[in-house]
Amino acid sequence: MGQLDSLSLTEVRRSLHNHPETGWTEFWTTSVLAEELDKRGFNLYFCSDAVEEASRLGVPPADEISAARERARKAGAPTRYINRMGDVTGFIAEKQYGLTGPTVGVRVDIDALDIQEPSDHDHRPTQLGFASKYPNTMHACGHDGHATIGLGLAREIDDRGGFDGTLKLFFQPAEEGGRGGKAMSRSGHLEDVEYFFALHLGLGNETGTIIAGYEHPQPNTKIDVSFLGESSHAGNAPEEGRNALQALSTAIQNLYAVPRHGNGVTRINVGKVTSTNPQNVISDAATMRVEVRGRSPELDEYMLKRAKQIVRHAGSMHSVEVSTERYGETTTFTADEKLVDLVANSATKIPAIDQIVRRKTFKASEDASYLIRQVQQNGGSATYLGIGASNVAGHHNPYFDIDENALDIGVSILANSIRAYDDM
Amino acid sequence: MGQLDSLSLTEVRRSLHNHPETGWTEFWTTSVLAEELDKRGFNLYFCSDAVEEASRLGVPPADEISAARERARKAGAPTRYINRMGDVTGFIAEKQYGLTGPTVGVRVDIDALDIQEPSDHDHRPTQLGFASKYPNTMHACGHDGHATIGLGLAREIDDRGGFDGTLKLFFQPAEEGGRGGKAMSRSGHLEDVEYFFALHLGLGNETGTIIAGYEHPQPNTKIDVSFLGESSHAGNAPEEGRNALQALSTAIQNLYAVPRHGNGVTRINVGKVTSTNPQNVISDAATMRVEVRGRSPELDEYMLKRAKQIVRHAGSMHSVEVSTERYGETTTFTADEKLVDLVANSATKIPAIDQIVRRKTFKASEDASYLIRQVQQNGGSATYLGIGASNVAGHHNPYFDIDENALDIGVSILANSIRAYDDM
Amino acid sequence: MGQLDSLSLTEVRRSLHNHPETGWTEFWTTSVLAEELDKRGFNLYFCSDAVEEASRLGVPPADEISAARERARKAGAPTRYINRMGDVTGFIAEKQYGLTGPTVGVRVDIDALDIQEPSDHDHRPTQLGFASKYPNTMHACGHDGHATIGLGLAREIDDRGGFDGTLKLFFQPAEEGGRGGKAMSRSGHLEDVEYFFALHLGLGNETGTIIAGYEHPQPNTKIDVSFLGESSHAGNAPEEGRNALQALSTAIQNLYAVPRHGNGVTRINVGKVTSTNPQNVISDAATMRVEVRGRSPELDEYMLKRAKQIVRHAGSMHSVEVSTERYGETTTFTADEKLVDLVANSATKIPAIDQIVRRKTFKASEDASYLIRQVQQNGGSATYLGIGASNVAGHHNPYFDIDENALDIGVSILANSIRAYDDM
Amino acid sequence: MGQLDSLSLTEVRRSLHNHPETGWTEFWTTSVLAEELDKRGFNLYFCSDAVEEASRLGVPPADEISAARERARKAGAPTRYINRMGDVTGFIAEKQYGLTGPTVGVRVDIDALDIQEPSDHDHRPTQLGFASKYPNTMHACGHDGHATIGLGLAREIDDRGGFDGTLKLFFQPAEEGGRGGKAMSRSGHLEDVEYFFALHLGLGNETGTIIAGYEHPQPNTKIDVSFLGESSHAGNAPEEGRNALQALSTAIQNLYAVPRHGNGVTRINVGKVTSTNPQNVISDAATMRVEVRGRSPELDEYMLKRAKQIVRHAGSMHSVEVSTERYGETTTFTADEKLVDLVANSATKIPAIDQIVRRKTFKASEDASYLIRQVQQNGGSATYLGIGASNVAGHHNPYFDIDENALDIGVSILANSIRAYDDM
């Protein structure tokens, strides 16, 4: 028997919460979810069958990945799936129930965050004993719930005899930072998807509220910038150094000063700055991570282009080599009216839902955007659901915890919407 | 029997090399050295009897100090001395041999560096099995040799019946960064010192060379700067943040641009920069370490004053609070002609010495400067000896290793110089 | 006979175009307009009766004002009015026609720009001989037309027997830069104004188009910043200087990097930068003019506050004194529905008007905003009219010239709107 | 009769002081000096016979040069020489007195400064009526005296029957800024010069003091930097601009932060900064002048290279084109012992000289350095004389005035030294 298959949805969520894994290290999460779906007869796709490897962004160093895999093994991850995954987490599960109906895709994200979960007993996961077992890693954005809803949907559809069509579940790794969406959108598995759903719990919406069509998330791009200079003794021969820190500080000053744009909102910020040189040695290496945003892909691109130009020349100014690597990215999308209608209609039939919002602007960023655009580009329809959950603290806050009542609602609205096709 | 007292000087040095401890964590080093001197009847002074605690700089956090003490205990440090030390490393050992002669002080430093010793067998300490047993910690500046010479001098004087006077040995902690010298200079134990010696192995001088009067090291000051701002979401409300990173980069740009000074050489450099904020959050905290230098104390002070002014206003410009803490400092000194004569004369009688340099400019910085100036201020005489050692790599280089032949030379030149007083 | 009273509106406009005067130097313009209105029995208000002197911004140095007055005298400005003006240009003209009707205010601006009018004969004013007679000064924004419409309206109302109420004409100086509007709004003459109109020709609207309610101009503020340091020889004693240029460049870098604001559009820009020091002397003085904007007064204020904070601390960082002086400012307003209706209705009766736009966003800035808000605050109603004019080049372009057909349209729409009150 | 030939040396100096001309505009100065030497039978060389035109630096625009020539004509400059000069000021005068003796060269500089001479009657030139007749132009460095000494030397040698050799006088234009020296050093006229003298009055030395060998002036280089961007409306489309001012301020910040050099003193400074754009338009053009110095030509070159690298990339960072033009330069030299001896000996025979200094470091910069090095390179000997003059204010100070008693001393020491060859 698999690790999850005797558990209720709430128990599944707590088990996932107990085993948080950050982007591209979701070995335990992937394998235990895969195990149950395998038993239910889903076809499973892993590794290069699930993501285009070259499009993966922000992939940790090989030793971190190996360590994560080992940790997953020790935590009881079924070896069979671990082996099929290779170095790549996440998977796609597919089951054909009927021949004539549509192929429906659902994407849930499964990764956790670099946050230390509080040991404070006011924090319910700690009090009830399902807090993170790993230091500095925590499900603080609700992806444990998202993965649970994905599994719950499979159970619900499967247990009730399916529907006239094919169900494809996309368990996407590395959503945080926008590192996995594009790679999964290029897996090839979206080509025949006619209807597509992605979803998010919470986001400030109370339990009982459904947003039928979240849309217009802000495109953003993150780049890791490395400045490679040359050290020298700061007292004896400062002129022999090529000062990575002077390049970095010149870059930061100018990055924040990229001109505002007449066509709309833009943003830029810098984080993860480090130059480890001792104070008596000219800095030979400095790094930072830069995030740009824009109200549209064009504005995001404008910011990215300017940012790259600035870091390159800030380096050249000091004879410092600069390399940039894309760490993550997201784009934007619009919800399709057809599916907004469908979800809004289906919601009216669920007693636990007491407020239905047709459309709302998604203020944050989302790399489901790539999957949604891929489906729409192929002629399919897509929407992004907001599933209200009265959470006790904001997303990414260490005291974040989801209202588990929202799990069943999430499963119901998806299942109802999928079955409603039969009536369309 | 103590840990060291059956060992040859070379063996002592290797044992110290094997147990490197960075500034203010020299628990093992202090206690094993103290043990032998205690047995030899020296009066020992620890803790606030050895350093003025308030003048200690760059003291690590309490938990690091506790951990270091525990590690020392586990490595066999004699508990008796560990207990007398409290939280403070280093000690002073004093023995009166005669009533009419002078009080002679000798200072040796005992701390190691944050450097990973190579596991490469081309590196002699590794090959012979006495390389550092602690990760990222290494005696790469020769202080293991200095401490050995201090102990060797005590043995030599003691075993040969002393001299007509009092010997005071200053085993100084935390020389790296200039963090312990000032505190030990204010211990009160220098007040009656009439002749004072400090020393350094190597420094580019080959084995057999003696510098009788190193002098004019460059004063410098290091400060740790903390920028404390306020975080906010970089996409939603960048204006609500108080960006520590903008303050930091403005500061760095302007620090390097502190005007050159018409009266002589000045230097400034920045290291240890960090801002850990994620890229989508405005930085609420950033830190750096700044080092300034000047050819004279006045020029060093000019640089320090300007640097503090810059960081303060770079913070205020962005509503960011700035705090600075002195991390380390050194000053300068001149060798006294009387002792230069004495050392140069004594050196002529040691066969292993084939080159005697009377005076030489000390290009680096040294916090023995505070002890030397204290002695001179009290009317005593002082000098700083260079003891040539044909080392295989430069100081602070991971492949650094000292020519152990220099240990005996160091002991001899000091012992001869001390005994020569009798003839003066 | 006055200089203008035998001239047609087109001739008046050309005469004004021929004698352009920049903000706070409109001596000729003020006096020739005043002369005709005096003859028509208007009560005239000058100097502190027309503007609150302390609220004037961006006032040129006294010698420039004196020189402008002399130039005006030589160009035939009637001495009588010149004398009444003192040092202050602009005036208010008032005539009571009826006792029971409303007091109606109309504001026209009268100043020119620091632009050299082309000597090129393709430029119609040059070809026809009415181009600017003063170097580097030109009516390139249409204020010559605005002033003409103000006079034309007085003629039209006066010649046709007035209306049942009081007409107040505000001939405002120094609109460019937003330097005169606030001062005139505080003259006290707006307190009894029930209906108020301001207007602009052109703005991209073709002749025949009327905008009944331009609104929502962008608030902005301009400050002149002076950095006062101390010079020293850059070779011998750079440290003795207090470098105004280092302060200025630090300020500029950080000004452009003021954080974007989550609540809406903000802008910042720097111009008029100068530091005249020879290259071998540390800069003792540098100046710049900074402009900030925001979509709302709060956003404008946010930018201004941050800008001031930056320049102050950029100075302090380098021991440089900083002073800021407000050079100009504008705020925003909304058109009142009642007057939008009135103007739109009146426009339907004027054959030359073929397109009526009820409301439009005013993209630039306008200091009529202060007069409009003052009227609205007192309980009156106000609007800002766009009077289409098919101009050959954009505003502030040296080849700017207005379609003079728009002058009659401007007079008609105002006169009709004023008379329409009788019917309300 | 020429303008000068009936005048005493003091009168000559005052006439020159009355007609100051800045670098490359010395038309009156050149022609009146040339006139007297022509009458005395000197061969005269002008224009490309006197300077290598391509090596001229910091040449003013053509219209300024034309205007200066016109002004000189109106002030009575003899047309004959004005015509021979073309656009190029300065000249070389040569006369062979004997066949067997050496060729001796003497260089004097003739240009004035951009300084307004005070109208204050405490200022002697104003009181006595020989202050500058041109606004913002003044002989405030003593070059009027240098030119006078050059002429006085010709008179003295010529009137007393010459010497056994050839005298070559180099009346060098544009010394200020280091703009003319290199060009004159490449005239070809130094190739046969065996002994060479340059000189300076004052420099803090009192009348009666002679420095036989000033040496080691600081090499420096000045460049004019132009940033060419593109304007756009700062409110509507800031992103369309290419902001020359952002490039300039980034450059300035980084220029002052060019790393100090371990090999010796370096300096950098920026002056003459301007960006004239209105505050509501993105800056499309900004300029500055940068001066670098170094204790040696290598250090000067190091600074120049870094400065150019910085301005180039500060531009590229903002898509702004950068051009740099050398404005001026100087190098360094050592006085030859042979001539130091000769001058020191000759000085002992002049009663008005009461203090003889053999060698002294020249703290400022000098482009006579190029002529001196050229002579030394050809195998000749050279020195640079300091001729004490008790001046009332420092060089480049508006109240500067030279003690005219020094003029005769200058002529005597040069004449005696030249005649002393005969005895060598």
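Think of it as A, B, C and D in the order they're written, each chain with its own count starting at 1.
Here, a contact is a pair of C-beta atoms (placed from the backbone, for glycine too) under 8 Å apart; a residue touches a chain by one contact, two chains touch by 3 or more.
The shown structure was predicted, so the numbers you read here are calculated from the model rather than taken from an experiment.
Touching subunit B and subunit C at once are the following chains: A, D.
Chain centres computed from CA atoms place A at the largest separation from subunit D.
Across the two interfaces under comparison, B-D and A-B, the one joined by more C-beta contacts turns out to be A-B. In terms of their C-alpha centroids, the spacing between subunit B and subunit D amounts to 53 Å.
With each centre defined as the average position of its C-alpha atoms, the distance from subunit A to subunit D rounds to 69 Å. Mean C-alpha position of subunit A lies 50 Å from that of subunit B. For subunit C, the set of residues that touch two or more other chains comprises 236, 238, 243, 246, 250, 253-254, 256-257, 259-260, 267, 282. Across the complex, subunit A is touched by residues 236-241, 243, 246, 250, 253-254, 257, 259-263, 282, 302, 309-310, 313-314, 316-319 of subunit D. Put simply, subunit C touches subunit A in their complex at residues 253-254, 256-257, 259-260, 265-267.
Note for the complex: subunit A touches subunit B at residues 218, 220, 222, 234-236, 238, 243, 245-246, 248-250, 252-253, 256, 267-283, 286, 289-291, 293, 327, 363-365.
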